[in-house]
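First comes the structure, then the notes that go with it.
Order of writing sets the labels: A, B, C and D. Residues in every chain begin at 1.
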Amino acid sequence: MSDGILRLSHAEVRVPDLELALAYYVEVVGLVETDRTADKAYLKGWDEHQHHSLILTDSPTYGLNGLGFKVMELTELDRLAARVEESGIEVTRHQPGELDLASGHIARFAAPSGHVVDLECGQEQVGNGLSLINPPPRPDDLRGIHPPRIDHIFLLCEDVDGTTSFFRDVLEFRLTEQIMADDGHQLATFLERTHSPHDIAFLTGPNGGFHHVAYWVDEWSDLKHAADTCAHHGVDIDAGPTRHGATRGCGLYFFDPAGNRNEVYTGGYWFDPDDEPTTWTESEMGRAVFCYRGQVDQRFMTVHS
Amino acid sequence: MSDGILRLSHAEVRVPDLELALAYYVEVVGLVETDRTADKAYLKGWDEHQHHSLILTDSPTYGLNGLGFKVMELTELDRLAARVEESGIEVTRHQPGELDLASGHIARFAAPSGHVVDLECGQEQVGNGLSLINPPPRPDDLRGIHPPRIDHIFLLCEDVDGTTSFFRDVLEFRLTEQIMADDGHQLATFLERTHSPHDIAFLTGPNGGFHHVAYWVDEWSDLKHAADTCAHHGVDIDAGPTRHGATRGCGLYFFDPAGNRNEVYTGGYWFDPDDEPTTWTESEMGRAVFCYRGQVDQRFMTVHS
Amino acid sequence: MSDGILRLSHAEVRVPDLELALAYYVEVVGLVETDRTADKAYLKGWDEHQHHSLILTDSPTYGLNGLGFKVMELTELDRLAARVEESGIEVTRHQPGELDLASGHIARFAAPSGHVVDLECGQEQVGNGLSLINPPPRPDDLRGIHPPRIDHIFLLCEDVDGTTSFFRDVLEFRLTEQIMADDGHQLATFLERTHSPHDIAFLTGPNGGFHHVAYWVDEWSDLKHAADTCAHHGVDIDAGPTRHGATRGCGLYFFDPAGNRNEVYTGGYWFDPDDEPTTWTESEMGRAVFCYRGQVDQRFMTVHS
Amino acid sequence: MSDGILRLSHAEVRVPDLELALAYYVEVVGLVETDRTADKAYLKGWDEHQHHSLILTDSPTYGLNGLGFKVMELTELDRLAARVEESGIEVTRHQPGELDLASGHIARFAAPSGHVVDLECGQEQVGNGLSLINPPPRPDDLRGIHPPRIDHIFLLCEDVDGTTSFFRDVLEFRLTEQIMADDGHQLATFLERTHSPHDIAFLTGPNGGFHHVAYWVDEWSDLKHAADTCAHHGVDIDAGPTRHGATRGCGLYFFDPAGNRNEVYTGGYWFDPDDEPTTWTESEMGRAVFCYRGQVDQRFMTVHS
């Protein structure tokens, strides 16, 4: 065993109207804009020290361009890239700054789920805006929901079993929970590297599909603040504030102006590598997703349209 | 770099009246008793899967007998034990069950701070009491404060600089925050393995000194519940609910019947290994400890008496 | 102007299985059972001093038998009863203990909405279970959701305009909010005596209809506790935790075993008698009811079946 | 019995530096400035409809100039003024706008406690800044702590027994709680008109003394936000967030730049006129004030200096 992937680093999301999307992510979500090019905007949660955890890219439609995981050591990047190649998947390597502003060393490949995945080492650190000497508890210019940091990403793919095996066997993720179909295949899986209930999760659906990216908030009362903020700005709220059965976490779902689903999430639990995964049966899927109502509507199970 | 220490595993605390202490930790703190011998009681937070995170030992006085860190792989236990021995400290090795009920492989040594430290691999897992199939969000028999799990331990020692170097250089902890005396030595240091603000911390004081062991609660409203519970049972509350400057976390301090200080703690932040540590100056020490009042009274800076 | 009605005192609800309903209201809702006859059970929130705020009555089906308002002075009871009679509605008068265990002087009549309304003066006081000398902040035997007290009742009727006029003109309620149909009649109205957003509210529907009775909880985090409690006991959750547009309060809706809708509610605002009422237009009715989702499903707009 | 006093309307507080105090009350406390003269500033909580609940007056030192209660009907103002005069206290009457910008009809007198008390009917209404048609849940320009409204005032006087009798017998307040000295006199009393635990309270001390004015916040999490806000602005926090034994409410105490103590308060309970008052004994006074720590320091028992 070795240190491997540290955590989810960032997501790159497509938006047809970059100005509108940027205004939303800054004013409503309360992310911090750290950089800007003609067709990309770079954002981060206020307490993140890295240059970005969200890249908005000007595109004809919405959806996910890719996601990145943070790796601390270049030797670990090499080791993991070799494991991916051994699994039969082509990996391309990129130098710092080659693919994105402030990006580090990157090993890029297409996962079996159809998603572009980056393993990144050495993205530039820009600090969280607080002094390193006698800091106040928070900056004084926070706006909107202002989550401190990215938490997890939830994706769709055709073959959840195969994708899960790849993330466990090759990328060294651990399975925390799964929703099993009556026929024995996995409808959804939850995988972690940070000992939280999930850093990434997969749900049965079209390959390359994007369900949501989630930012962390500290507690249940922050979800009310988030929902109030969405309501105030006329943002389309999809579900919540509510609690999930799977992960035991609480969240609020809503859509950016392009139609990408966002979540702010809190709660969950600590997962030791020798803890046993939890299994949900197909008949209890509604409660696995929404613990209180116990039902999932069709809109939630699909990408937005 | 390698996986090394996973997290704080447990603390062993001395109590002169084991029955009274056990009643307190079960009824007020809401820990789960998992085992019992003539002179020891084993307890855990309800959501912990390990056999114990707190051992109460019948003793003439209060204080800390030792603490343990969880290591996932025996090869890592060997590697870390070798590092400790190379630093000039004697290590004894123990087989599963040899030192405690349900204990795993243990490498035991005395840290430069004067505390007995165990590196443990393979403590028995007993589960968190929830079904692994379609579980409810929590057990239905929770009592008292019922924190889900242990969080960190705070110790006293004469040489904070030297102890901190040992924990960083030999045990591979990372420094997140420090309080610096005007003369340039460290008054207090905060160290982590779990990317939280602290898994262990040291404050200037007598070697072997025990400031507190902290259990995690999920949010600020749980601290009010904890304080209400303490007030209801006539437990001596030392400080809080309040927020710390250092770690930015929120906590409540109170004493067990023997005089050992407990904390329930929430909040804090995620710390990447390439984030910069925060430094507090001696003049701001009051605010580093208690962000709101900005003062520390003498009782808090010492062990209870 | 005179003191008039103090507050909502109690509701009498029909349940086909009194034992089952009683178990639910005690174990899940956490009300306190204060008395029992062959066909009735008397309950109150733990912090209420009155004998009962909820009467369960054995009946073939669910629904509301009636509701009561508390009046402090017998002269005021007489004055209000006379006003009701002057409006052309028959009033019957009842002595203490005549209609219910522990009941006070009662003036009973049928409101234009088809609901049986009691004005009651002098229901027996039983205390809240805390000592009157140096009390702890709460009793130590609270179970389930354990709301401290009743808050409001929400009823259906055919003629919301006429019913609202009766409650304002005759019973001296004040209008805080209303939802107006495009054709100019009132779809829903919110009325108060306690300077809260509503002690009683009416929604267009069948005369005598019962939407829900609401108990107060102190804050948003209590709604999560309530939802967790419902989820744990398999209680059918109808909606929430969420925020209302009208009243700005937050609530959770769920059903008792008989099909009567319950709410636990918090938030809202203080309303001075010279404050202006708020009006919602028909097109914004969804947001008036559920501020976050902005939609009301058909189930919520009807009585349960 | 008659409607009498509705609620605490406003306090007039002395500040030596009006600009500084105004900046503090607007930026830190988050009150809304509604009007200004050369030597006075008028402020209100964001959700108050009245013109002001706090008047800052330029003065050589800090302290309280007076307080006002809201009365809804001029006939009630006359009735109460007559009762005060019958008790042997001189009352002066003032026309709308005579004593203050936007003021209503006022009956002014000096209470036995040495405080100037106004009974006011018809202070101008300015609205809460939200639309009366389809409003959002809150304004979008809230700053600082932003409590919605005033809650209570806490005063010092030499003769608590006599002052309490005056407020009960003449002004028709109801006693909810009292702290009794071992010699049988009242050390502190809590009095209400709004069925909350206190609209005004008295503590033994110098006549005319001002302990604090309290604004309401909705919940415990708002007290953390308030304390964070104070810490961020370097405001001197006196005590809390904590829970009181008396009133069972939770609060945070801090000082304005002039040395006037402020509180933000939440919780408490509903008090019916036929509920029994609660009594605290002298030996339990620490817990009556601060339920968790159970101790009151000397600073808190005095006015600031």
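Operating definition for what follows: contacts are C-beta pairs under 8 Å (C-beta built on N, C-alpha and C of every residue); 3 or more make two chains touch, one makes a residue touch a chain.
These figures come from a predicted structure and were not determined experimentally.
Comparing each option in A-B, B-C or A-C with C-D by residue number, the pair that reproduces over half of the contacts is A-B.
The interface with the greater number of C-beta contacts, when B-D is set against A-B, is A-B. For the pair chain B and chain D, the distance between C-alpha centroids works out to 43 Å. Annotation: 48 Å between the Cα-based centres of chain A and chain D.
Chain A and chain B have Cα centroids separated by 31 Å. Counting partner chains per residue, chain B shows two or more touched chains at residues 137-138, 219-221, 228, 231, 243, 287, 291. Interface residues of chain C, counted against chain D in their complex, comprise 1-3, 6-7, 47, 49-50, 70, 72-73, 76, 125, 127, 130, 132-135, 137-138, 148-149, 194-195, 216, 218-221, 243, 245, 248, 266-267, 269-270, 272-281, 284, 287-288, 291. If you check the complex, the residues on chain A that touch chain C are 220-221, 224, 227-228, 230-231, 237, 239-243, 250, 287, 291-294. For chain B in complex with chain C, the residues that touch the partner chain are 136-138, 140, 219, 221, 228, 231-232.
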